[in-house]
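To keep things simple, chains are lettered A, B, C and D as they appear, and every chain counts its residues starting from 1.
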Amino acid sequence: MSRVRIALHEKRSRFLQVPIEPFTIEPELRADEILEKMERISFQGRSLGIAHRVWQKMLGDDVTIFMGMAGALSAGGLRMVVAYLIEHRFIDCLVSTGANLYHDLHETRGRHHYLGSARANDAALAEDRIDRVYDTYASEEEFCDNDVWIGDFVAALEQRPYTSREFLNLLGGHLWKETAQDGILTSAYRAGVPIFCPAIADSSIGMGLSQGRHKRPGSGYIDIIGDIVESANLVIRRPRTATIVLGGGTPKNFINQASVQAEFFSSQVGGHKYAIQIVTDVPHFGGASGSTLEEAQSWGKLAADAAQVTVHADATIALPILATALARSSSTLANERKRPVMDPSLREMVVDGTPISRDTFEETE
Amino acid sequence: MSRVRIALHEKRSRFLQVPIEPFTIEPELRADEILEKMERISFQGRSLGIAHRVWQKMLGDDVTIFMGMAGALSAGGLRMVVAYLIEHRFIDCLVSTGANLYHDLHETRGRHHYLGSARANDAALAEDRIDRVYDTYASEEEFCDNDVWIGDFVAALEQRPYTSREFLNLLGGHLWKETAQDGILTSAYRAGVPIFCPAIADSSIGMGLSQGRHKRPGSGYIDIIGDIVESANLVIRRPRTATIVLGGGTPKNFINQASVQAEFFSSQVGGHKYAIQIVTDVPHFGGASGSTLEEAQSWGKLAADAAQVTVHADATIALPILATALARSSSTLANERKRPVMDPSLREMVVDGTPISRDTFEETE
Amino acid sequence: MSRVRIALHEKRSRFLQVPIEPFTIEPELRADEILEKMERISFQGRSLGIAHRVWQKMLGDDVTIFMGMAGALSAGGLRMVVAYLIEHRFIDCLVSTGANLYHDLHETRGRHHYLGSARANDAALAEDRIDRVYDTYASEEEFCDNDVWIGDFVAALEQRPYTSREFLNLLGGHLWKETAQDGILTSAYRAGVPIFCPAIADSSIGMGLSQGRHKRPGSGYIDIIGDIVESANLVIRRPRTATIVLGGGTPKNFINQASVQAEFFSSQVGGHKYAIQIVTDVPHFGGASGSTLEEAQSWGKLAADAAQVTVHADATIALPILATALARSSSTLANERKRPVMDPSLREMVVDGTPISRDTFEETE
Amino acid sequence: MSRVRIALHEKRSRFLQVPIEPFTIEPELRADEILEKMERISFQGRSLGIAHRVWQKMLGDDVTIFMGMAGALSAGGLRMVVAYLIEHRFIDCLVSTGANLYHDLHETRGRHHYLGSARANDAALAEDRIDRVYDTYASEEEFCDNDVWIGDFVAALEQRPYTSREFLNLLGGHLWKETAQDGILTSAYRAGVPIFCPAIADSSIGMGLSQGRHKRPGSGYIDIIGDIVESANLVIRRPRTATIVLGGGTPKNFINQASVQAEFFSSQVGGHKYAIQIVTDVPHFGGASGSTLEEAQSWGKLAADAAQVTVHADATIALPILATALARSSSTLANERKRPVMDPSLREMVVDGTPISRDTFEETE
């Protein structure tokens, strides 16, 4: 028999170092303990465990932590998780789609999204003016009421261009004054955490802005190019950064763009030092949402030695577990970490005591 | 202005009944508490919460619970979770791919799978004779040693056809005697839980069987048509069934086929009463792995009023959390539930005291 | 035997009307002939065939055809297909991500993207300053040169806010004057087809704008709220619309938003009459990119009786075939169809001879 | 300004060799001409173009070409495409799921699958006893009639174990004699192309076999371990092989397993020389269906220097175009190529004039 291969090697391969440890059932485990065990299994379970580890490393280091959120996470029940992460400064800067901020505002104003069915009769829903987001419903009329509320706020503002960051801080403040309720916008307002919304024109927040303009011509100017300059200056000012991406979309790219743009003007910028992405898109169709973190290294968006992990999972599964785990494992770390002190309420955002420009990139040598 | 729509309705739509409850962070929550909260959010997070609920309902009812497993779950670190579910009778019958049983045997025999990288240099791995499964490695030589071990066992068996169920029970017994280690095969052997493997020819278990035949012509006959008859008779005998599918593949269909086949011979069979599937495939390419549970209803695989849920998630994320949750929430239910008493060690499997045929469908009126 | 079911029915079910016709091989078939045959098979093949049919219906009707494009389609080799669709007026209005316009500009200026490998060594690429988009490479230095070129153009413009539509028309004109080369921007400029880019801040076009501002403070103001008003007014003016979406993202939602916003101000707007989407995202994670066209009906984005189809495919496969097919089957239709006459080169876009506002929604009774 | 990077390099990077050539519209192009142009674009469009090229290389070389098919391709309208590939010997050996052979038999017997809707009311379908496969319907009663027909055929066979290969050849012959209609089973029968079905127990073909056993105890024995030995001996006999996989599943692995098993017994076997896979699954969940061809190299399933390509697409889009293209570009190649001469109608299959064993691996030095 030619099967000479059967004899077992004496020496192990360098590739066989750390064994998989089969997950064992311990009913009383907490989320962080579960995730720690999952670091030793395979596939996306391992990735989620590693995400917990990488986020801890971020908190222990001196980095500005950006979070991007796309997908209907606020409507889908994750807005208070994001608010928690903001309030307890597990993150320093949020980049969001408009929809997530709008659905947050909707609930902060006391309305709800509702449990629904993904196999609904959409014609019947349309008749009742119910808007469906997969398995979740909302009242279109309540949405219209939000639009008017935003439009009124917009029309009352001083007539000049606002970066999305400044506008959203003002909006959060207005919302807080009116409702005194927690949420993403209000928590960010209170914690001094800036929110950027580069695609604000593609959302109901944008529709509210357009209604403000309709009401009072000359209002509703959002300076999203100012957002580019400002976000890059934030990186130039504090070149050590980390990124946490939920769902891809414009926030994912905007965070990376800030780093790439900053690098043109500062040799100290070298890409994010840490990166976590929780995505459902895949790389092989070439879209940015599904692109790998390895690919990001070719662009310099990510440092070559960055601690990074991609989790291919729905954020509505991954984030509740991950954030609950972090709240238990890393509260002290989050509390005591070095973090930027920001005032995003002014026309020029103040970072660590100095304003940063929205017009000119801050050049360093 | 034509925008008459803005005034809020007095009455609510019948579609707006139960509000989404945003997930809030409580660091000390256990897995079952997390999943209970996730029932009130959206998308796949909600689905995972519902899966926990549906499984509890199965345990509280008088149903035979089938579990199917496909994908590299054993190599990926979930074999002790499945062993736990078998041992504590959260399930009654396992249908598996051969690979999952083979990788289970590999570890039960004291070998390991190893943490690896999905971006490995596969040429370098091949040189070291390391087999890669995404981010997980194993030694090909250890695999070859398993093949020989299975081949020797096969060649020593009485020469006649065995259903995969009978063969796998014998294999589990042999493994238990030799190792006294827990695992899927050994736990099933000890708990009297049958394992079917309809695609055994497409796996390293099958390769081991073929080596048994090579060693001793006349050995290694697996009667997979007998498996069809036997699995249908199991349903005819106990027409109330439930199905839990991990990953699709042949196990998913085989479990459904048992129900469809049984229905031809018994008017009491009416499809599974409960169904959970945790899959990553999608419906729109027409493959069975990703097919919806609604579609299964057209075939009569699933009862029209079945409690059912599909979770679109990697099992390495979903199952550790779900099983940990169940272990805490439902141990008593599992312990006290009505369940089939089976002896899968004989040529004709015994169910509730009576043998069932592998040759003839048991007809009832 | 209880199997009473075997006897074949005399009458057919109402569900069994049109048989699948197995695709047969005819080597000489053209793209349109292939797609016509694919209408009679299943799954996404059928969907692609139907997409061809629905697009033909659009061309035969009196509708304004919007196309959205997201994903790296220009870098990926589809820019001349889109330019063809613009030039021959298979579409009337393009909504795009900034990246697609930037990569188009890059090639129109005489540079290239390059065949690469999806399994590249990204560290080596970074060293050579090569940016990777899955299996496609580009020179970062050539990109930087584009940024400067755009920045110079921006800095030379009159200092006032521009809608993305106006800005992109000016950019296309500048590009045409300098290069006289076909491409998306130049074809749109020449054909009088407006391009909207609601997320322009999240792209290298935006980076170029920010460099213009850096160069000359006061420049680089893009009025994306004006884009909202204008796009809604375009729908109010011509309430019969159709949408073709490639890849989801902000363009998909922006086109739908225009219709929803328009409906607030005009009772004649009732959602798109036709819809085609070619997407790779899936519905079950709740994101807008993967959302179904049925869901869109609940929002009123789509008319209840719309002819619509979703094709789950990579646009780099689907679009070359679909556009080649249309070019053969429907050139006359495209040539003779009723279409809006637009002048997007002015501050206020002119539609069918009358300017439309970017500040005030045009109310109708 | 620190932006020293802007100056364009004098020399090009070694990574920038072959430019993307934007796809241009030529209405009269045939499928092969379209695919040749798609080799110069990106993403899955390029992959499909390369698949055409790799298949041509297979045909020009001296290799045994295996094709695996999983997913509901026969029901979905591709059975005559596969029959064409068999008849014109673009492939030499088919490995299939049972369902694809069953649905082929269904239509060869004169019945149909029907155009349906993916959003059907499944309860209404169940009432009419219509089985749904995504957007395709079939009559359950006609299916039952097939089962009886297969069962009768099985019960009439000599009572001994049959490899799936031998059984399916006999079944194809019976079908041909009765219908004289083309299809997969009948074309394979007539062309002397063997079909393996390792998971035959998980299909309606298996259900038919079980009904044969029910009718006449002692019939319906399928020797799927014999299939393993035989398929490996086929590779040992002709060590140069190629694989074309549609949809993954058991066929994908079985083809690879044949090569791995063969390598144990012959030093001349070194993995497939060419590989094409058209799949919709993804690698990152660890399942075999979505696994990469690179990973296959670590196992030795694929030669290190194999010409290979993965196309992430639905086969109902990719295969009609690819096969139409091949029929035009490569008919002569297929006609004149070196290929195995096989007789799969005997108990021991004959390859190039010599029978091969189903019991003993053929050892070579």
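Criterion: a residue touches a chain if its C-beta (ideal position, glycine included) is under 8 Å from a C-beta of that chain, and two chains touch if they have at least 3 such contacts.
All values derive from a computational prediction rather than experimental measurement.
Traced through touching neighbours, the fewest hops from subunit B to subunit D number 1. Chain centres computed from CA atoms place D at the largest separation from subunit A. Interface comparison, A-C against B-C: more C-beta pairs in contact at A-C. One simple way to say how far apart two chains are is to compare their mean CA positions; for subunit A and subunit B this gives 35 Å.
One simple way to say how far apart two chains are is to compare their mean CA positions; for subunit B and subunit C this gives 43 Å. A straight line joining the Cα centres of subunit A and subunit C is 26 Å long.
Residues of subunit D in contact with at least two other chains: 3, 5, 42-44, 72, 75-76, 119-120, 125, 130, 133-136, 140, 144, 264, 282, 284-286, 294, 312, 314, 316. Considering their complex, residues 1-3, 5, 42-44, 119, 264-267, 282, 284-286, 312, 363-365 of subunit C touch subunit B.
Contacts from subunit C toward subunit A in the complex involve residues 70-72, 75-76, 99, 118, 120, 122-123, 125-126, 130-136, 140, 144, 161, 198-203, 206-207, 209-210, 213-214, 217-218, 220-229, 232, 247, 249-250, 253-254, 257, 260-261, 264, 280-289, 291, 294-295, 297-300, 304, 314, 316, 359-361.
Contact residues on subunit D toward subunit C in their complex (touch as defined above): 3, 5-9, 12-31, 34, 37-38, 40-46, 48, 72, 75-81, 84, 107, 112-116, 119-120, 124-125, 128-130, 133-137, 139-142, 144-145, 148, 294, 312-314, 316-318, 320-321, 323-324, 327-328, 331.
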